[in-house]
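Look at the two complexes coming up: chain A is in both, with chain B in one and chain C in the other.
Let's turn to the complex of A and B:
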C-alpha cells in the first residue's frame, strides 16, 4: 500500500460518512491521485516552467538592448501567470479538416512526456518522487513520448506546414537520441548505476569529484555532446527546425490556439528545465553540497534577496493602495517596486556572501541541497536561452551532419576512452 | 581520406571557436544598459532634439496672414481666412525687424491628421509665427478633433475692430 493509498484510507475512515463506505475504495485512490498530480503540476512544475519563460523574456530583452517584461508584478514576475490566464480564456479552435480526437490528444502526450520525466529527478537529498533504479533509462524512454505527441499534432492538423514540422521533429529527435544516450553512458559507466540518486552519491565531496572532471577528457567532452543533443531533443534553437517560422509558419503547433498551444509552450520550458536537471545530476554533482557551493549559495541567495525585497515593496504598495480603494487590476501593472542603487546591490551581495557561508555550515540540510540544485539548473536554463539568442538555425542537412558525422563518433569515442581509463585505473576512471 | 579526416577536426574546431565568439558578444550585450525608454512613465518630450518636428503651433500675435504656409503646404491641410484692416507692424522672429501687417486672420485651422510634418510651411513664414513643437501625442476619440484651430477669441475681436476701422476709412476716402 502506497503512501497515497494510506492517506486516502485514513481520511475516509476519519470522515465516517456512511454513503462513502459503499463506494469502492479504488475510486478514491484514483481521485486522490488526480488531485495530487494536479497539485504537483499546478503548484510546482508550472511555476518552474513559467519562471523559465520569464527568465527567457528578460534575458532576451537585455541581449537586444531592450528591457523585457517588467510591468506585471515586481519586475514583471507575475507575467507568466497573466499569460496563462489569457491562454485559458482564449478560444480553442480546431480546423475543419482536422482529425479531432488526435488533435485534442496530441498536446497532452507532449506535456505527459515532459512531466513524467520529473518523477525521478532528484531535487534534493530527500526530494525525489521515485528513486528508480533505471532512472536514466526511464528518462530517455519517457522523453521520447514527446515525439509521438508532436507527430500526432502535425498529422492531425491536416496542414502541410504542421506535417513537415512534425516529420522534421521526429527525424531530429530520433537521430539525436543516439548521441544523447551515448553521452549519458559515460556517467553511468563511471558511477556504475542508472539511478539518478546513485549518480549524485558518486559525486559527493567537492567539485573535483564531479563526473565532469573524471576520465579526462572523455566526461568533459561527453558533457558537451549531451548538452548539444539535449538541445536538439527539446527543439530549442539552433535546432528548432520543427518550428522554423521562416519556412513552416510555426511548425507542428501552427493550428493550435488557446491552452492547447499553451501546453506545447509549457512542455518546451519544462523540457528545458529537465535538460538542465539531467546535465546537473549526471555531470555537475547534482544537489551535492561541497566547498565550492558557497558560490552557488551566494548567487542563489543574492537573487532570492533581490526578488524578496522587490516583491515585498511591491506587495506593501499594492495592499496600501487597495486599502485606499483602488481596483487590483488597475494597480497590478502600475505599481513600481523600489529601484536599487549600486550601494544597495553591494550591500545585498555582501549579505548573500555571509548567508552563503552560513548556509555552508548546514550544507546537509535538504533545503540547501534544493537551493544548490535549482541554482545549477537555472544556470543551464540561462545558457540555453543565451544560445537561443546567439546562434541562427541549422539547415536540415547540417543538423543531420552534426548528429551522425560529429556527435555520434565523438560519443562513441568518449565511451571507449572512459572504459579504457576505467580498466587502467582499476574502475575509478 | 587523410585529408577529409583532418577537415573533420578543422570543422569541429571552427564550430567551437565561432560559437564561443558569438556567445561572448551576446554576453557583453546582456550587461549593456537598455536603450529603450519606458515611454508613458518617462517624459519623452523633454528628451527630444531641439529641431524635432512635432505638432504645429502658430503664434497668432505675430501672424500677418500672408498665407505663404497655406500655399506651400503640399497636402493643403492649412486653412486661413482673414479680413483687411489698418496697416500695423509686428516683430518678426526671423529678421528681428518690424514687419507690416494689413490682414487679420479670422480662421486658422490645421488638420493635424493630414499633416505630414514636412516642415515646408515653416520655411517661408516671414515672421516665424508657425513652428513645430516637440509634442507628438495626438490621440483623440474623434478625427475631427484633430483639426486644430489656432484662432483665439481676442483675434476675432481684433479682426472685427480692424475691418470696421478699414471700412470707415474707405467710406471717408469715398466721401
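Let's turn to the complex of A and C:
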C-alpha cells in the first residue's frame, strides 16, 4: 500500500460518513492526489517562483538605475500575487489558425516538466518527496519535457516567429543537455550514487568536503560547465534565443496571453530555482550544515529582516488605518512602509551577521538546514538574474559553437580527470 | 519561408517593414518596404510659408531635431542672402552637438538592446534625459525644438548655461567609461558584431552612405570639416574613423565604436564653444515677410545620421516652390537588401541597429 492509499484510507476512516463508503476508493485516491498537488503547487512552488519574479524585478531595477516594483504591499512584495490575479482574469485568446488542442496543451507540458523535477529535490534530511535512487537521471529526463511543450507551443501558434523560437529552443535544449549531463557525471562519480540525497551525504562535514573542491580542478570546472549549460536549459540570457524579444518578438510564447502565458513564466522561474537547487545539491553541499553557511545566512537574514521590518510597519499602519474606517483598496496603494537611514542598514547588517553566527549553533535543526538550502539557492537565482541584466545574447551558431566545441570537450575532460584522480586516490578523488 | 518583419516589431525602431525570405534561420533576402511613416513633409513645405515650415522640420528627424532645423534655416538663408550673427552660429552649434550626443546615445543604447542586453539602453536613456533637460533650458522643448530661426535662433541661452552643460559633460565622460566597461568591450558583444556586414569604402560611396556609417568604412568625410558651415572652422575636433580594430574595416563594431567616439568629440566641441562664444544679437536682419528672389539653394548640415540636406526652390512668392530633403537613413535603408544576404535573423536586427536608421527620416 502506497503512502497515497494509506493517507486516503485513514482520512476516510476518520471522517466516518456512511455515504462515502459506497463510492469506489479510486475516486478518493484521485481526489487526494489532486488535493496534495494543489497544496504543494499553490502553497510552495508558485510562491517560490513568484518570489523569484519579484527578486528579478527589484534586482533589474537596481541595475538599471530605476526602482522596480515597490507599490503593491511593503516594497512591492505583493506584486507577484497581483500579477497572478491579473493573469488569471485576463482574456485567454487563441489565434484563429492555431491548432487548438495542442495550443492548450503546450503550457501544461512546460509547467509539468518544471514541477515534476521538484519531486526529488532534497530540501532537508527528511524534506524530500521521493528519494529516487536514479534522482539525477530522473531530473535530466523530466526537465526535457519542457522542450516538448515549447515545440508544441511554437508549432500550434501558427506563427512563423513562434515556430522559429520553438526550433531554436529545441536545438538549444537538446544540445545543452549533453554538457549538462557530463558535468553532473563528475559529482556522480565522486559520490558513487545518482541519488540526490546520497550526493548530500557525501558532502557532510563542512566546506572542505564539498564536491566543488574535489578532484581539483575537475569538479570546479564541471560546476561552471553545469551552470552555463543550465542557463541555456532554462533559456536565460545569454542563451535566451527562443524568446529573444528583439529578434523573434517574443519567441514561442508570442501568441499566448493570460494565465497560459503566465504558466510559461511560472515554469521559467521554477526552473531557475531548480537550477540553483541542483547546483547547490551537486556541488555546494546541499542542505548539509557547514561553517560557510554563516555567509549565506547573513545575506538571507539581512534581506529577510529588511523586508520583515518594512512589512511589519506596513501592516501595522494598514490595520491602524482600517480600524479608523478607510477602504482597504484605497490604503493598499497609498500606505508606505518606513524608510531606513544608513545607520539602520548598518545595524540590520550587524544583527544579521550575529544572527547568522547564532544559527550555526542550531545548524543541524531541520528548519535551519531548510533555510540554508533556500538561501544558497536564492544566491544562484540572484546570479542568474545578474547575468541576465548584464550580458547580450549569443547568436544561434555561436551558441552551438560554445556547446559542441567548448563545453562538451571540457565536460569530457572533467569526467576523465575525475576518473583518473579517483583511480590514483583510491576512489576518493 | 517568407517572414514579415514589421511594421510593428520590437527592433525595427519605429514603423519599418522588411519582407524577409529565409531558409530556416538564414536570410536569403530582406527587402525593406518604406512608406509606413510618410507624412508628406516635402509637400507641406510647398504649402506653408518659409517660417511656418520650421516646426515641420523637427519631424524630419525627431531624434536629433536641431540639425534638421539648422539645415532648413541654412538653405533659406542662402536664398535670402542674410548674415547670421556670430552668437547665433555658436548657439546653433551648441544645440547641434547636444543633439548629436542625444541621438548617438539612443543609437548606442538601442544597439545592445537589439542584441539582448537591456541595461545599457536604460543607462543611455538616462543620460539622454539629462541632455533633453539641457536643451529644454535652451529652448523650452524636449523633443521637437523649433529653436533655429531663419537668420538666427529663437532665444539666447540662460545665464548659467555654460555651467550647467559643463557639469553634465564632466559626469558624462565618466559615465561613458562605465558604458564602455559595461558593453563596448564585452566579449559576447564583440563576437556578435565583429566581421558582421563589413561595408567597403567603395560600396559606401556607391550607395551614398553618410555620416558615422561612412566614416566607419574608413572614409574621412564630414561636412563639418570638408564643407564647413557655421563656426566649425574655429573649433578643434577630430573625426573618429573606423579602424577595423576588432574585425575588418567597416564592420558593425566599427559603426558602433565610431558613434561612441563621436560623442566624446562632441563634448570637446561643446566645451570650446562655451569658451569662445561672443556677446551679440541672436537674429540677423531678416524681413518680416520672407519672399526670396526666384532661385534655388542646397544646404546641408552634418546631422547625427550624416548629411541632412535641404534643396529649396523659390519662385519669388512667400511659399517655396519645392522643398526636397535628403537624409542619411534613406540611403542606409537601400543598402540593407545587399547586406542581408546570408545573414542570420539575429544579425539582420544588429545590422539595422548598426546603420542607425530612424523611421521618420526614411519616409519624411
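Assume the second predicted complex is superposed on the first by the 427 of 429 C-alpha atoms of A that agree within 3 Å, B and C clash if a C-alpha of one lies under 4 Å from a C-alpha of the other, contacts with A are read in each partner's own complex, and residues count from 1 in each chain.
By definition in this document, a contact is a pair of C-beta atoms (placed from the backbone, for glycine too) under 8 Å apart; a residue touches a chain by one contact, two chains touch by 3 or more.
The structure presented is a predicted model; accordingly, all values stated were derived computationally and were not measured.
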Practice item. Quick one: name whichever of chain B and chain C touches more residues of chain A. Key: C
Check your understanding: Should A:10 be classified as contacting the first partner (chain B), the second (chain C), both, or neither?
Key -> neither
Practice item. Could you tell me if A:204 is touching chain B, chain C, both of them or neither one (first, second, both, neither)? Key: neither
Review point. A:59 contacts which: chain B (first), chain C (second), both, neither?
Key: first
Check your understanding: Once the shared chain is lined up, is A:67 touching chain B (first), chain C (second), both, or neither of them?
Key -> first
Exercise for review: Identify the partner contact of A:133: answer first if only chain B is touched, second if only chain C is, both if each is, neither if none is.
Suggested key: neither
Check your understanding: Should A:396 be classified as contacting the first partner (chain B), the second (chain C), both, or neither?
Key -> second
Review point. Should A:249 be classified as contacting the first partner (chain B), the second (chain C), both, or neither?
Key: second
Exercise for review: Go through the superposed model and pick first if A:316 touches only chain B, second if only chain C, both, or neither.
Suggested key: neither
Revision key, fill the gap. Residues on chain A touched by both chain B and chain C 63-66, 389-391
Practice item. Spell out the part of chain A that touches chain C in their complex, as residue ranges. Key: 60, 63-66, 160-161, 164, 167-168, 237-238, 240-241, 244-249, 389-398
Review point. Where on chain A is chain B touching in the complex?
Key: 59, 61-67, 336, 386-387, 389-391, 405-406
Study note, to complete from the structure: Touching chain A in the complex, chain B uses residues 8, 11-12, 19, 22-23, 25-27, 29-36, 38, 41
Check your understanding: Which of the residues in chain C end up touching chain A in this complex?
Key -> 1, 3, 9-11, 24-25, 112-119, 122-123, 126, 182-183, 186, 188-189, 191-192, 344-347, 349
